[in-house]
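Presented sequentially are two complexes of chain A, the first with chain B as partner and the second with chain C.
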Partner chain A sequence: MGSKIVVCRCEDVTRADLEHSVARGYRDIEEVKRYTGFGTGPCQGKECLAVVATALAEITGEDPSFIAPFTSRPPLAPTPIKLLARDPAAHRFPDDPAEPVAAASEEET
Partner chain B sequence: MQPGNDSDDDDDAGPDASGEFRVPAALRGGAALPERAEVVIIGAGVVGLSIAYHLAKRGMTDVVVVDRGYLAEGASGRNGGGVRQQWSTEINIRLMQESVALCRRFAVELGVNVWFRQGGYLFLARSAKEIARLEKNIALQNRCGVSTRMLSPQEAGEVVPEIDLTGIVGAAYNPTDGILFPWPFLWGYARQAIALGVKVLTHTPVRALTAQKPGFTVETDRGSIQARRVINACGSWSPSIAKMLGVELPTWPIRHEICSSEPLKPFLRPMVSELSSGLYCSQSMRGEIVGGVTVPGHGSTHAMGSTLEFLATYSRRLVKLMPRLGDVKILRQWAGPYDCSPDGNPILGEPPGVRDFYLACGFVGHGFMMAPIVGKLYGDWLTGGERHEIFDRYTLGRFTDGSAAHHEKEDFNIG
Partner chain C sequence: MEGQTIRAFTSESVAAALVASGERVLSRSLKYHRPRTFFCMEGHCGGCLARIDGVPNLRACQTPCTTGTTIEGQNAYPSPEIDLFGAVDFLFPRGMDHHTLMTGSSILNNLASKVVRQLSGLGKLPATESHELPAVQLERVDVCVIGGGPAGLAAATAAASSGASTLLVDDQLRLGGSLLADPRLGVAVADARVAAAMAAGVRALPRSTAIAFFPEDAPEDGGVLAVATPDHLVRVVARRWVWATGGYAVNLLFADNDRPGVLAARGVGRMLVQHGIAAGERICVVVGKGMDDYANALAEALRGARVDVTTTSADQVERARGRSWVTAVELTSRRRLDCDVVAVAAMPAPASEGPRQQGCRTVLDPARGGFRVIVDRDGRTSTPDVFACGDVCGYVGPMAAATVGARVGGAAAEEALALARELGPIATTAARRGA
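Entry: the complex of A and B
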């Protein structure tokens, strides 16, 4: 039945995948993330993290309050490279063009 | 997926009827700490696990690997997965030729798909000085039997048509370099080492290490182990372990950031790197563009937070090099520590005056690609086989006895 329950829609991870990961010994939420790939798609865990944590607590029998969320990774939402390229935080190398990158002259993002 | 079919058969980690590999019992948590062991390896990263596997494969199975965190928590789980033979010293070129050969066999030998793909490495030059540097390396690589060749900008453009050739004056290209997916490498080594009798204990931090006569006491949060020999494979965290025995390591950690895009249809065959900025990127087997860049001006740190400075610098250089990637979205960024050494080379073997304590650190961001061969050579040596020259050349003592001055520095560490 667990194979029909999708816990991460971005990466098609099912509850059965979580059970399999735990059975293999990968039960820490960071290990489960790496073993199953859950939380590594476009939502970066925003949709799936709580669902997976709840399921993991059930599967492992651990107190849910001991399951910490995995480290969240920037950017907050998928961000186009050309938008980031215009950010003034960028380090300038000697061979960088003085003008803003070509992408900046194109239309908006 | 067949969850639960491998509940109590830990002594047999071969593939079962379904072709699945079985549970690494020791990773389940709660596994008992043995009172003694022939070898305790501190650090369950790719270097420590490779050594453990190769020791066990040669019959030394009384081995315990301890790690303070989970598998893939450190640099082994955070790197870009590049595996190249384009180096600047003969010894490193030859080591990496053997590592590539081991990577090619890894999936079959260790029973896990590591998505190893030999799409080559393309190093782009923007100045005559960079060309001269590449040409010198290529001549040496060719003498070692690596088929690197210098490409004109046009030829580089044929390998990767997406590159904007403005300002590119040439490129070094070796088609047999490659990339892999780091995490399954750890799982493969861990599983097979465990299958051979090794214990891999995650979430087991070492609090103290004391020399006994003979051997050592390794005190962890979960109890003590008497070890006849100890191997320090803690990557950039190695100095704190060495210090417990009074050994000072000259290594330091540098935060290296990296990021990953949304998945794209496969188009990018080689790992592409630009010497002028340290930019590198490759397309993983998942389709993501994974890459990093040198962000100068940061000192030694174990802080592994992410910065906008990195993301902006990487993006700026990437759209300059491959303008078509401008519309691709970055999904996530993270960081891992480079374990830097004074001459760009690893530190191996026993420190001066300390017997039975072995170092396997200082890989300067390239421990992942060197782990397959270094683990094998360690396994050979510590089970009575050949002692490879790396254990004489890459000693800690080289920094104090003057011998480091007689060897070339490795100057082709990227990123």
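Entry: the complex of A and C
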């Protein structure tokens, strides 16, 4: 197996990928995320964000306290989408169907 | 794995049962199809995704065993142990930049895109459609504490003791957090603190994850925290929030650090303390900066369980050896430490993404594990009404987390109760929304 230092296990991002990204001019954590895909897998950065940010500070020589985390977006953990289907907030826009979409298929069965 | 039957206790997770029975590789990674399995044992790393009873991408470490549970690997052909697509890893020993993969010719590029789309993705759709859409519940409380470890239990107990209605949200199969992974504390200590919280009047939502905070949703209530339980969604409105989410187990950087069998030390500790399972027969504990106390306590407890233990500091580790499971750690001195499990004791990374959604300021502090929430002495964050305590504010370990948790829970309750005297009880002050 090819030997790799893995910084993001979900998306198979290696430490070499971070160096490659910085060499191409993508140094900011949001840029590195978009270029390498780190932090976009099932764990959403839980295992990798701090590791990558610390490694980036080493690679770029930047003061760690100037490095901001990437934007934290919902959901914070893998969630079955059916749990959200009947949240009133999901149906508050005028064009939205009043009832969840799956209700139609429920009637057929 | 497929076609075999394993025995398990109904109280334990699928992952714990697999560890105890010697079953191991669960899936393959997205890009290089490297073998994947459990790492953190706490539902956070995404390593142990498997298809369980026909549902894809479930975390084996957070799914309880029941009689007749079927477990299948995913993202591999013909099986996670022997996966033909693992060849990708050999073909790109120095890695693959997918931005420039076969971009020289448009025909080749289209072909490459088609192949990549077939190979990537996680799992296959569920075996059965879901027709039942669960109703959404609403909870209104004075204080909502997120995280049921040492800091959160202490904060919730303190808040409820002073008379605030208190909800405790925790994402694990069992309340106790890092207490259940620390041989110096353990199950008896965790259970006693949970009992004290219940006696004080704390209401707990176990197996429930705070998945998002929506400030624009019910702005008159100051926003809504969406909490996912195993079978429905809860919209939580609270007068004060206390984040006690602790830290995530992370890995250290050495070659092939993703090899199955390289586990988080706290995961190994959790196996031993919570489940009474020795994760291996020969365990190499790799000690990261600032983690000597925990690593030494774990090594001693493992020796007590008749495990052959070696310890080494992280900066001496060159690489992990082994193919589908680790067989040794190779040091920079070229010395080999043979082992069947590597327990990586890296400083946990503050679980600060929830507070970040509430706008709390964080700072990257590598000496404290990562992006820690900035707080004052009473746990006030930069956002009004939002508090934080324990490892989410930078690693302090379970003993100190409990002390600070009690103080912060008390401070949050005091503010919530002052508001209650002014506006009346939380449950009746605003129009009920939700399902």
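Definition applied: the second predicted complex is superposed on the first by the 88 of 109 C-alpha atoms of A that agree within 3 Å, B and C clash if a C-alpha of one lies under 4 Å from a C-alpha of the other, contacts with A are read in each partner's own complex, and residues count from 1 in each chain.
Convention: a contact is a pair of C-beta atoms (placed from the backbone, for glycine too) under 8 Å apart; a residue touches a chain by one contact, two chains touch by 3 or more.
Source: prediction; values computed, not measured.
Asks: Is A:S65 in contact with chain B, with chain C, with both, or with neither (first, second, both, neither)?
Replies: The second partner, chain C, only.
Asks: Touching A:A55 in the superposition: chain B (first), chain C (second), both, neither?
Replies: After superposing on A, A:A55 lies in contact with chain C but is clear of chain B.
Asks: When the two structures are overlaid on chain A, which partner does A:T40 contact: first (chain B), second (chain C), both, or neither?
Replies: Only chain B; A:T40 stays clear of chain C.
Asks: Using the superposition on chain A described above, determine whether A:D12 touches chain B (first), chain C (second), both, or neither.
Replies: In the superposition, A:D12 touches chain C alone.
Asks: Name the contact category of A:E30: first (chain B only), second (chain C only), both, or neither.
Replies: Once the two structures are laid over each other on A, A:E30 reaches chain B alone.
Asks: List the residues of chain A that touch chain B in one complex and chain C in the other.
Replies: Comparing the two interfaces on chain A, one with chain B and one with chain C, the shared residues are 2-3, 14, 16-17, 20, 35, 41-42, 44, 71, 74-75, 78-80, 82-89, 102-103, 106.
Asks: Can you name the residues of chain A that touch chain B in the complex?
Replies: Where chain A meets chain B, its residues are 2-3, 14, 16-17, 19-20, 22-28, 30-31, 34-35, 40-42, 44, 71, 73-75, 78-91, 93-97, 101-103, 106.
Asks: Give the list of chain C residues in touch with chain A in this complex.
Replies: 29-32, 34, 36, 39-40, 43-47, 49, 57, 59, 86, 89-90, 92-95, 97, 99, 122, 129-136, 171, 209-214, 217, 224, 226, 228, 231-233, 235, 248-251, 253-258, 319, 323, 349-354, 356-357, 362-366, 369-371, 433-435
Asks: Which stretch or stretches of chain A touch chain C in the complex?
Replies: Residue list for chain A touching chain C: 1-7, 9-12, 14-17, 20, 35, 41-51, 53-55, 57, 64-65, 67-69, 71-72, 74-80, 82-89, 100, 102-103, 105-106, 109.
Asks: With touch defined as at the start, can you tell me which chain B residues reach chain A in the complex?
Replies: Result: residues 1-7, 23-29, 70-73, 77, 126, 167, 183, 187, 202-203, 261-262, 276-277, 295-297, 306-309, 311-320, 323, 325-334 of chain B touch chain A.
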